[in-house]
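Multiple structures are listed underneath, in structure tokens.
Below, chain A partners chain B and then partners chain C, in two separate complexes.
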Partner chain A sequence: MDRRFVFILVALAVIIPMLLSINLPVSVSEPTQKFYDYVEALPAGSTIMIAFDYGPSSLAELNPMAKALLKQCFDRDIRVIAITLIVDAPTLASAVIQEVATEKGAVEGEDYVFLGYRPGQVQVMLGMGTDIASVYDTDYNGTAIGEIPMMQNITNYDQIDLLVDFASSDTVESWIIYANVRYNQRIAAGVTGVIIAQMFPYLQTGQLVGLLSGILGAAEYENLVGAPAKGMQWINVESFVHLLIVGLVIIGNITYFIHRAREE
Partner chain B sequence: MDFWSFIGIWVAAFLTLSIYSVLYRDNPFYRFAEHLFVGVSVGYGIVLSIYQGLVPFALKPLWETVETGAPEGFIKLIPICIGLLFFARLSPRHTWLIRYPIAILIGFGSGIAIPNVLRANIFEQTRGTIAPFAEIAAGTLSGWGIFEAVLMVVGVICTLTYFFFAVEHRGPVKWLSKVGIAFLMIGFGSAFGNTVMGRVALLIQRVDFLLNDWIASIRALF
Partner chain C sequence: MKRQVPLVLCFVFGIVMILTQFSPHSVSQWVYEEVISWVLIIGPFALVLATVTLIQTHTARIRRRTEHWQYSFVVFAGLIIMVLIGIFFTPQNSVFEWLYNNVQLPMDATMFSLLAFFIASAAYRAFRARTFEASLLLITALIVMMGNVPVGDFIWNKVLFWTPWEDGVSWWRQWILDNPNLSARRGIILGVSLGVISQSIRIILGIERSYLGGGD
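On to the complex of A and B.
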């Protein structure tokens, strides 16, 4: 069979459910619930640092979960410090923060600040353990960090209640190795499906307080926050594609065994 | 919809369709979009690294030191000079100088990484594997929790046995390693399933863009 036939089937499995707007129920997994509960338990005025460690090639999975978390933070008066360690992420992260901040009426410099990108992953993680201003002397817009109201009482990880890494690569492991082990910083993560299997050992040991896995994690979090958006919409479509793939795997195996039996 | 948003949507739609056109067969549109992506990514990365890295961490301190002439400012010149030694590679006579920044980087990297990596990936993981048995001893773990704890220890021991090559895999060792392979296969299957989920999500996001943003921009024309 021409493999392009499979491509057409996958395209149809995406387009048809999207046009029909089918809604399937979304249950919440334990890692997502743990993540949500930890953020919910933080008192108003707490500070969360969000690392947008992903580029445009992973935004489909990570943007929805980042938006859901930002909505939860702004709703609960939790202050957000956003950074990125990935060179092609600043514009993307800035757009996500601006969109949610505008929707929720959050004020830049008071409710949130985006510090932007700095090269040298390990050096940035270690430097912020001592003094954030030694790594980020200005925010993304060039405002001196000393002039930003919400940064007045924040020096290092001691004033950060939770660090959340939205990642598509090995940055979560680096955060655990350098921020959690060295500075006892509490960490949660939202990651792409490709690397989720590597993250579960850290969740089991408590090195991660919560974990969101790909588009499924995003949909679950939107469900918990009560703000259904792209995550919940896309996971419905995803379910149909998965059904198709399972069907194709079964058909492929049956065909293989039939061919083998005939050859024997 | 303003003019530049409209242009942006059409450029993105054209590039998306160009990239997916490779599913039919290789063609000039696909190669154009691929090369454009690589070129823009590299160019953007270089510019950002200069303005977010070189300028605030090297050029700005250097300029301030020159301007003020403060003696403590000259300490910052040491790492800048060490960094500049990387460019010794460009001169065949002075290539040997590159050994110093590389030696410092490796020394710093190893010194800072080894103890933390050991603690994060070996000690904590070992503790996490055996900690549930303390709960079993205290009688605080449910039946399912006990099953999970035992299964995890069996999985760890069998998988490690598979990678233990100092003894021949015969008898009990052979069976333990076979069970280890089964655990590995389950792990690979889980990773593959999650990878499929991730890749399909990318497709869904682009189709969502084409069906909503792009089609809306076409409607806006009429």
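On to the complex of A and C.
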């Protein structure tokens, strides 16, 4: 089969379900449920730090997760400190936070703060364990940390109830090594589909309190939060692409065995 | 001298930072925090180094007229425009945000989206049950793929409704991730960790010197 024909089939498998708005039921996996339950158990006034460690290439999978979590936090009066360790993520992260904050009526500086980007992944993680202000002296808009109301009683990880890393690379493992192991910081993660397999050892040890796996994790979390959005829409689209790939693999193998039988 | 000084610095800081991990004494913690502050200051130099390397690479491409050398001008245009706007008007500037949202973001997302087409084509061409191991890999991949989307359970519940399992595909997918995958990953983590420890000791003791350059 000409590969251009495969490309056309993939395009159709994406476009047609989007036009038809198909809604398949999504069951919730255990790692997603644990993530949700942990956040639900936090009392109002708690603080979550969210690290937006992904760039535009991964936003389709990770933006829906981030939005669902932000909605849950703002609904439950949980304060959010957002940061990023990826150089091309600040504009993206700022837009996501602004969108949800506007929808939920969250106030900047009181309900949430976006500290932006600082270079040096490991150094930033270690530095915040001692003093967040030593790493971030201002927020993304240039306001001094000391002038931000919600940062008044927050010095380091001791005042952070949960750190959530939305990641498309190996930053989750770095957070575990430097923030969890050294500072005992509780961590949860939302990652792209291609790296979920490497997260499971940390779930078993309890170093990750929960895990959102790719667009499926986003859809599951939107379901739990009660705010179905892009995650639910895209997991249905992905269903048809996966079906197509499985079909292509089966056809490819049938063809292969027919050829082999003829040769023998 | 050019080689001795970095080796001595590496040895001293390596040993000191290891010792700070085993001592809760205030002096030890002060040293640790001070060194972390120094490293935070040094960190941004990596960005400068990366930018200089990018400029050098593309200048050389233009000078040598290598294949597609014209695109290097696009790299310079993007770099200069974004840096100038970022420095003089801050990244919160509407022009900076417009360029990010309408140029960088769709291009980056498009590049990644193309993977779906190539993965589908590669799976069709290369995923063959040629041997027992390849068959095992193929079956595992198909289960995980179908367990990763709701249509997998939908088909299972419609076709295999008579089995004792509901949502059987996602159950098997989770079992694969929780057992064989976890065991293999843990083995890899342990192996890599032992490798990192031994390599760190070699660097601290000056046995491994390739980071100094010069092929020594």
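As a convention for this text, the second predicted complex is superposed on the first by the 264 of 264 C-alpha atoms of A that agree within 3 Å, B and C clash if a C-alpha of one lies under 4 Å from a C-alpha of the other, contacts with A are read in each partner's own complex, and residues count from 1 in each chain.
Criterion: contacts are C-beta pairs under 8 Å (C-beta built on N, C-alpha and C of every residue); 3 or more make two chains touch, one makes a residue touch a chain.
These numbers come from a predicted model, not from an experiment.
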Tell me the contact category for A:206 with respect to chain B and chain C: first, second, both or neither. first
Could you let me know whether more residues of chain A are touched by chain B or by chain C? C
In the overlaid three-chain picture, which partner chain does A:214 touch, first (chain B) or second (chain C), both, or neither? both
Return first, second, both or neither, reflecting whether A:243 touches chain B, chain C, both chains, or no partner chain. second
Touching A:137, do we find chain B (first), chain C (second), both, or neither? first
Is A:19 touching the first partner chain B, the second partner chain C, both, or neither of them? first
Would you mind listing the overlap between the chain B footprint and the chain C footprint on chain A? 7, 10-11, 14, 57-60, 87-88, 90, 118-120, 126, 193, 196-197, 201, 204, 213-214, 216, 238, 241-242, 245
If you look only at chain A, which of its residues touch chain C in the complex? 1, 3, 6-7, 9-11, 14, 24-27, 29-30, 55-60, 87-88, 90-92, 94-95, 118-120, 123-124, 126-127, 130, 134-135, 140-142, 193, 196-198, 200-201, 204, 213-214, 216, 219, 235-236, 238-246, 248-249, 251-253, 256
For chain A, which residues are in contact with chain B within the complex? 4, 7, 10-11, 14-15, 18-19, 57-61, 87-88, 90, 116-120, 122, 126, 137-138, 173, 176-178, 180-182, 192-194, 196-197, 201, 204-207, 213-216, 230, 233-234, 237-238, 241-242, 245
Can you name the residues of chain B that touch chain A in the complex? 23-24, 41, 44-45, 48-49, 52-53, 56, 109, 112-113, 116-117, 119-121, 124-125, 127-128, 152, 187, 190-191, 194-208, 211
Please name which positions on chain C make contact with chain A in the complex. 33, 36-37, 39-40, 42-44, 46-47, 90-92, 96-97, 100-101, 104-106, 108-109, 111-113, 116-117, 119-121, 123-125, 127-130, 138, 142, 145-146, 148-154, 167, 170, 174, 177-178, 181-182, 185-186, 189
